[in-house]
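Alright, structures below, take your time with them.
Next come two complexes, and both contain subunit A; in the first it sits with subunit B, in the second with subunit C.
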Partner chain A sequence: MIRKLDPNPKNPKSRGMLCARGNAGLLQVYDPKRIKKPLIRAGARGEGKWREVSWDEAFDYTANKLKEIKLKHGPQGVLWSSTEAFAEVFFKNLGLAFGSPNIVRHPTLCLASVNLAYSVTFGAVPSFDLQNANYVIMAGANRFESFITPDTMDLIDSTMNRKTRLVYLDPRFTVTAAKADEWYPIKPGSDLAFILALVHVIIAEGRHDKEFVKTYCQGFDQLAEHVKKYSPEWAGNETEIAAANIVRIAREFSDAAPRALFYSGRRSSWYRNDFQMRRAQAILNAIVGNWDKQGGVVPNSKIALGEFLYLPWDDPEAPRIDEMDKNFPLAAKSDGAYLKLRENVLAANPYPVKGWMICKQDPLSALPDQSKTMRMVEQMDFIATIDIQMSDTAWYADVVLPESTYLERQDPVEVLAGIWPVVVMRQPVVKPVHDTKPCLDIVQGIAKRLDLGMYFDYTIDQWNEAAVKELPLDAPMDYLRNHGVYTPPGGPNYGATLNPDHRFVTQSGKIEIFSDRLKEFGHDPLPVYQPPEQPPAGSFRMLVGRKAYFTHANSSSNPWLLDFAPENFLWINPKSASHAGIADGELVEVSSSAGSAKLRARLTEHIRPDCVSMLHGFGKRSQWLTRAYNRGGNDAAVLENGWDGVSGNAAMHETFVKVRKA
Partner chain B sequence: MSQKRYILVIDSRKCINCKACIVACRAENRVPLGHSRDRINEERRGSFPVLLATFEPEQCHHCENPSCVRVCPTGASHRRDDGIVLVTDDTCIGCRYCMVSCPYNARFFREDRGVVEKCSLCSHRLDRGELPACVQTCPSKVRACGDIADPESEVSRLLDKREYRVKNPQTGNAPQIYYLL
Partner chain C sequence: MGGFSALVLTTLLSLGAFAAAKGSEGKGRYYFRQTCKDCHTKGAKGGEVTPLTKTMAQWSSYFVKGRHTSAEPLAKLMNEQQLLDIQTFLVKHAADSLQPETCGK
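And now, the complex of A and B:
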């Protein structure tokens, strides 16, 4: 029996802390409404009637359905979707070995735009050295409610010890706004104007790092010409941040450089221009020369792991259904573009997809426009979900394969990249309480019945031993078993790319301020601002966000967490609410062209009058999520479909809604 | 060895209201659902866009002169020599005088056992040389817990170096949570 989880003080990522969710994680193991055995649907989809079956029966059933679909539609007829997890690699490999090109992962619901923007500019995905920065500009990333290790701890520490000045932009007065030195409730969608004006001031006043720009960058002169029109006065009108403040921030930022950074955050799925907005952030960071320096933007270091040499399979023959090559040729092809993929599945374009294998993901909650996802569910001949709990998507599946929780299973060894990368190994602390299996066992069970067993002919220990055998340790497995984490000696890495002969992984080998590659593919080679559409009178822009005590849409049913927010509310400014005659606590209906949700209104000064906002992860359909079922409203039901044209990343802050008494 | 005297020093500015302390306490002390031994007081002021929000963790102040101990008819509420104020389940009769007398609203009645419960400063952890769960788990390390009798301890050094206040000193309870200014 697990009584209590303590932080691992040896892990430099977590800085010796465990958040509320980490502390509450043990209740996942002992949740009375866990999925305790494999389940096969016994009623209509979503009716909640299940038959408990043996693993053999569940595997046979799943494999037979997959074979049927393969026979009729080819291997591309099955979609494999999963979200970030140490064991995700096994699931993904099963999809590939099956022969399907249709593997879709989470980045286009998350950080695809920021990753691509930095890849195009610097040829690398960086971390932001908040521990050593003296000046930080952050837009929307709300790091004090949306936790990332070690960024959250580093930033609160340096901000509150008066070492770092934090300038924060957000239409909501979040905890991060409350702790910042300056908070600006920027007009939503105008972030790019603010950044371009900063670049304008810095270049106009000759405050950029001339030596760095000359040595490492290409296209600076074009940038200087390009930003001439983006004056602080112009940006003041666009952003509602006074021109004088923009000028002062630009000066303070460049004075503090290279220990100054514009932080990009993780879930960058905001706007249809998100890629270009993140590109502008990358360019701003480039011209003040904070790249790869203490307190700046630092390319992620990795630790090379060995690979278990499994039998390789043939590449899939069919093209991806989201046609990445055609639609998003610059984006990470193997991750896919989720929303475009959903469009094409619904249109059976260019071919039908009739099977859906899902691992640790809840598309009904995670994707905007839930009614479209529901149509995708309805058009599938077969759906199987691997999960630790009965998510909304599992609730509509035909087969539910219960995975052991992270406290009951051995996970593959993984590297957490960063300025100071570490190798981590998650080990079971108790035996599985119910008839559940780790992901690899589930993958092998299905693979064997699809005659693909030879591609997965290894144990988790063999996999891990191969991974760690090159680490500079006497007995790497023993070391990881004892410590859970391996931290290479020497501390954080800076400056490896700061050598005039270094070739950046870009077309020119330089940091690309002006991108010929973008131009070649028909995109703006420098970020061009277009004023965002604003909500018509009587409508609001819908914003979504997180709290530190819930993980995405997953933990709102945890009894140790849910009393902090037993339901979600619609944040609405009292001025706007009084226009609509809405009182605090009143039930309202919030609706868009995609759909609607009912939840109670929370009149708060903490949001702009032209926006409303709701917390993610409520209004659940699954009755096994006993404490979250039917409580509050589901943001996924209201958010409209839409994406950034370069990266394919979802655009989740582009929905205009109406609010009325329910 | 000289007598230890435990206190808490809290830097509320660093609190981001993430609730990790409350959940760590729930796990460590098996706090019954619906209750908590620690809390975060929130204060919000202003109107858009001139706004202020502050967060202040609070729990039993482990007073030097605790009113709960004075009013307890059975001696269940007591103060250890090291300053930790505790309730002994076996002798608590659930009369709740202590709850009324506590100026900090730091206690609750536990229906399932008929006793009053509160923060124990994780005395069982301190006794084996570990920090209280709330202190250890905190992402921003808001709290420091230690021995004020030891001039070299972290809490002594913090109070030497920083301005601080205690809450409601006029009660005469001599509370032992020191809030840094």
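And now, the complex of A and C:
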């Protein structure tokens, strides 16, 4: 029996700290409403009637359904969806070995636009050296409230001790705003104007790092010409941040460089121009020369893990259903573009997809426009989910395959990337409490029945031994079993790419301020500002956010975590609420063209009058999520469908809503 | 591992998996790891080689021109289809290719 969880003091990523979710993790194991055995649906979808079955029966049933769909529609007729997890590779490989091109992961619901913007510019997705920065600009990335790690605590500490100056832009007054030196309630969607004006001032006043730009960058002259029109006065009108402040921030930022950075944040699924806004951030960071320097933007160091040499399968014959090559040719094909994929599945374009395998993902909660996702569920002939709990999507599945929790299973060895990466190995601390299995066992059970067993003919120990064999240790597996983590000696490394002969992983080999490749594919080679559409009178822009108490939509039924936020509220400015006659705590209905949700109103000056906001992860449909079921409102039901045109990243801050008493 | 790899190769050949004329990215990745990585890792005699070592054009011409002059000829190490698979993998992930880094795996 696990009574308490403690952090691993040897792990520099946690440094003796365990967050709320880390502490509450043990309740995953002992949740009385856990999925305790494999389940096959016994009633209508969503009715909640299940038959407990043996693993053999669940595997046979699943494999037979997959074979039927393959026979009728080809292997491309099954969609495989998963989200980031150490064992995700096994699930993804099952989809590929099955022959489906349709593997879709989470990045286009998360940070695909940041990844692509930095890849196009620097050829790498970097880390932000917050611990050593003297000047940080954050726009909307509510780090102090939504992403609590030791690095966050360091930044809070250095901000409060006046070592780091933090400038924060957000239509909401968040915890990050409360700790920042300056907070600007920027007009939503105008961040790009602010950044372009910073670049304008820095170049106009010759404050850029001329030597760095000359040695490592291409396209600076075109940038200088391009930003001439983006004056601080112009940006002041667009952003509602006074021009004098924009000028001062530009000067302070460039003076503090290279220990100054514009932080990208994690979930960058905001606007339809998100890629270009992130590109502008990357360009701003580039021209002040903070790349690969302490306190700047730093490429991740590598620890090369070995790989178990498993058998290769044939490449899929069919194209991806989201037609990545046509729609998002620059984006990561192996991740897919979730919302475009959903459109094409619903339209059976260019072919039908009738089976849906899901691992550790809850598309009904994660994707905007839940009614569309529900239509996708309804048109599937077969759905199976692998999860540790009865998520909303599992609730509508035909088969539920219970995975052991992270405290009950051996996971694959993994590198946690960063400026100072580490290798971690998560081991079971208790035997599975119920009839559950780790992901690899589930994958192998299905693969064997699909005659794909030869591609998964290894154990988790063999996999891990192959992974660690190159580590500079005498007995790497023993070391990891004893310590749980391997930290390379020394510490963070800076400057490995600061060699004039270094070839950046871009088309030109340089840091690309101007991108020929973007131009070639019909996109703006430098970020161009388009004013965002504003909500009509009587409507509000919906903003969504996260709190670090909850892991996306997954842990809002955890009683310890729920103590922090027992339900979500609709943040609304008192001025706006009074027009609609809404009182604090009153039940309201918030609605868009996609759908509606009911939740209680919180009247607060902490949000602009033209916006409303709600926390993600509530208003659940699954009755087994006893504490989150029907509690608060579900943002996925209200958010409209839409995406960024370059990366395919969901645009979750483009929905205008009406609010009325429920 | 060597014995296992040989067995794997024999199995694949007997399955007639190389009938297709075009290169397979997935199989190329496998052959690259199985064969090339023996010599082309950090500290090994061939020095570290990854897809990022060259550009798309450089990888294409490398195989056309039959380089690898300081070691055994590639044609002795692998058959034509296997080399085409490796080339396909290397070109698709070359330093200037369209494959950006991503989050996680």
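Note that the second predicted complex is superposed on the first by the 658 of 662 C-alpha atoms of A that agree within 3 Å, B and C clash if a C-alpha of one lies under 4 Å from a C-alpha of the other, contacts with A are read in each partner's own complex, and residues count from 1 in each chain.
By definition in this document, contacts are C-beta pairs under 8 Å (C-beta built on N, C-alpha and C of every residue); 3 or more make two chains touch, one makes a residue touch a chain.
A quick note: this is a predicted structure, and the numbers were derived from the prediction, not measured.
Partners subunit B and subunit C, once the complexes are superposed on subunit A, both fit on it without clashing. Computed from Cα centres after superposition, the angle at subunit A between subunit B and subunit C reads 130 degrees (steps of 10).
With both structures placed on the common chain, the touch criterion links A:His606 to subunit B but leaves subunit C unconnected. Touch criterion met: A:Ala331 reaches subunit C, while subunit B stays clear of it.
Of the two partner chains, neither subunit B nor subunit C is touched by A:Met380. Looking at the shared chain after the overlay, A:Tyr549 reaches subunit B, while subunit C stays out of its contact range. In the superposition on chain A, A:Ala20 makes contact with subunit B only, not with subunit C.
Contact with neither subunit B nor subunit C is seen for A:Ala628 once the two complexes are overlaid on the shared chain. Shortest separation of subunit B and subunit C in the overlay equals 24 Å (C-alpha atoms, whole Å). Subunit A uses no single residue to touch subunit B in one structure and subunit C in the other. Partner subunit A is touched in their complex by these residues of subunit B: 11, 13-14, 16-20, 22-24, 26-28, 33-34, 44, 46-49, 51-55, 133, 136-141.
By the touch criterion stated above, subunit C contacts subunit A in their complex at residues 1, 4-5, 8, 11-12, 17, 24-27, 29-30, 33-34, 41-42, 52, 95-96, 98-105.
Residue ranges on subunit A touching subunit C, taken from their complex, read 84, 88-89, 92, 96, 105-107, 110-112, 115-116, 119-120, 123-125, 304, 307, 309, 311-315, 329-335, 454, 470, 503, 505-509.
On subunit A, the positions that touch subunit B within their shared complex are 3-7, 15-20, 22-24, 26, 144-145, 147, 152-153, 156-157, 160, 173, 175, 177-179, 183, 185, 548-549, 559-561, 563-564, 573, 575, 605-609.
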